[in-house]
Amino acid sequence: MAWVITDALTEGGFSVVQASSGEEAIALLDKDGATYKAIVTDINISDKITGWDVAKHAREVNDKMPVVYMTGASAHDWASKGVPNSVLMPKPFAVAQVITAISQLINAAAIAL
Amino acid sequence: MAWVITDALTEGGFSVVQASSGEEAIALLDKDGATYKAIVTDINISDKITGWDVAKHAREVNDKMPVVYMTGASAHDWASKGVPNSVLMPKPFAVAQVITAISQLINAAAIAL
Amino acid sequence: MAWVITDALTEGGFSVVQASSGEEAIALLDKDGATYKAIVTDINISDKITGWDVAKHAREVNDKMPVVYMTGASAHDWASKGVPNSVLMPKPFAVAQVITAISQLINAAAIAL
Amino acid sequence: MAWVITDALTEGGFSVVQASSGEEAIALLDKDGATYKAIVTDINISDKITGWDVAKHAREVNDKMPVVYMTGASAHDWASKGVPNSVLMPKPFAVAQVITAISQLINAAAIAL
Amino acid sequence: MAWVITDALTEGGFSVVQASSGEEAIALLDKDGATYKAIVTDINISDKITGWDVAKHAREVNDKMPVVYMTGASAHDWASKGVPNSVLMPKPFAVAQVITAISQLINAAAIAL
Amino acid sequence: MAWVITDALTEGGFSVVQASSGEEAIALLDKDGATYKAIVTDINISDKITGWDVAKHAREVNDKMPVVYMTGASAHDWASKGVPNSVLMPKPFAVAQVITAISQLINAAAIAL
């Protein structure tokens, strides 16, 4: 995740934990998944594990986990590979879009009847 | 799909095409996918192919395809296995819920900016 | 609840349980609340207990209970007395509006992440 | 408006008033606009007046009027000619879609905070 | 309301008026309610008056008033004690969530048909 | 567009192109419309061309273009003159409302099925 996004999230009051690979992301979810409020992931993060996989794993750990995917490719794949109630962020995007998307998803999860 | 749902859909003005297995559903999607307006699928439909698979295939054929899943099990799986913008219909449900869900999804797809 | 609504709900596939007063509604909720999928209530139902009270009680029993209020008066009261994620149905209304509102609320509750 | 839609609306509990031309629709709106709960209009209804015009006029009379457009052409025009919070119904569609769209729009207008 | 939230709201362009108790909040609403664009309230604010009461009072003064509740306790109470179209912000939350929630609610109120 | 909004958009990560008149806005849309992600426009921008016209033109160029209108007048006109899926920002408003509205509209356009 680019530093500009990490920076904007931190400025918005979020505490950010970064994983340097899909494998590490999945290990972190297995260890501390219950403490995370949302996942922001790139799609192409390693050879074997994609952002689609990380998000699915996050939802297996916590079925209410908000998910934001960032991708340079077309949105077409999201329709079949994304999880429900997730947000797709096609590059280029402004950091304000990420902050708004995450805030909205966390807020919506909190009041989901 | 139970006759009571087929019946209600027909009464609501929809033309219904039924597949007797997941394999047939996928074959129909490959052949006529562009002509279908929505997919309504059970989750447990055959040994090898689930409703999750049929829906993913439908979205690969048409990334705007509305999807309604019917299931007797818990909603937990939907969060990681469902496609975005789909509706989960846990059994038991009333046929009016299916008609409303399909109508809403098709209407929303038509005006999606 | 007028027979025309009961009739339409039944035709839509719902099983309807009717209470003849607010007191009976609250007793039914205490006894079988977990088995109900939604509440449809008039506002003026008895001297002491209003539809606002019945709905609040339903939400204490099940915090995801879909609620539809029917009222002949202005919608103004709903803004301060209604529960979150409820629907107000000002009279006169068509039965299709009630069927759609209930179906939508139940469907939304099922997939609330 | 085709009889099949009028029929379904009536069965759904709505009272339907039909105009035989765009001119008559506008005259009816000027005379009784405050009593109508929603507008369902074709796009191509006469030489001079389109469904886009009728809907705009309805919103000048009542700025909360729910609007459903029915059209055989592409949805492209709706994005620039439609009014906010309206629904586009590209033909062919099932009557259940119209009932659901109108019910949803009227319900939403009633609880708009 | 913590200074960090006041600060973030001010930076987001909002003018913030703070009440030091539920009683003062209600007095301010009675005096200037028409000039406020939204209410952000803690739940436990004094012995007799809760945030639920302040929000109800705000809605009696202005039935379109956007409401954000901040609470350290579970979301369970919101389902029966919250007002319609409000947002619950369970602690801990990031300030960006508050800014997004208030902005969304005010924007939605402006275009509510 | 006031510098305070341009400034906030830039800080939010957006690149801002300003037009000094409705005519220039339309010329820019004709030349580079495909590269813009959203339109933010005042209503009263010149004698002949209004913000309503600029937004309609933007939608003819790109039918998915997110639109935010800023206006000092009442919201009444928006109901008949605004385009679908647009946001009205009645003055006075906070810059955070504009950032949230634009971010939301762009995010929604990206995942519209």
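Things worth noting here:
Order as written gives the chain letters A, B, C, D, E and F; numbering starts at 1 within each chain.
What we mean here is this: a contact is a pair of C-beta atoms (placed from the backbone, for glycine too) under 8 Å apart; a residue touches a chain by one contact, two chains touch by 3 or more.
This structure is a prediction, so every number in the text was calculated from the model and none was measured.
Where subunit B touches subunit F, the two copies mostly use the same residue numbers: shared numbers make up over half of all numbers in play. Averaging C-alpha coordinates per chain places the centre of subunit A 27 Å away from that of subunit B. Inter-chain spacing, taken between the CA centroids of subunit D and subunit E, is 37 Å. Those residues of subunit F in touch with two or more other chains are numbered 63-64, 75, 78-79, 84-85, 99-100, 104, 111, 113. Under the contact rule defined at the top, the touching pairs of chains are A-B, A-C, A-E, A-F, B-C, B-D, B-F, C-D, C-E, D-E, D-F, E-F. By the touch criterion stated above, subunit C contacts subunit A in their complex at residues 63-64, 66, 84-85, 108-109, 111-113. Across the complex, subunit B is touched by residues 56-57, 59-60, 63-64, 75-76, 78-86 of subunit A. By the touch criterion given at the top, residues 4, 8, 75, 78-79, 87-90, 93-97, 99-101, 104 of subunit B touch subunit C in their complex. Those residues of subunit D that touch subunit C in the shared complex are 9, 12-14, 99-100, 102-104, 106-107, 110-111, 113.
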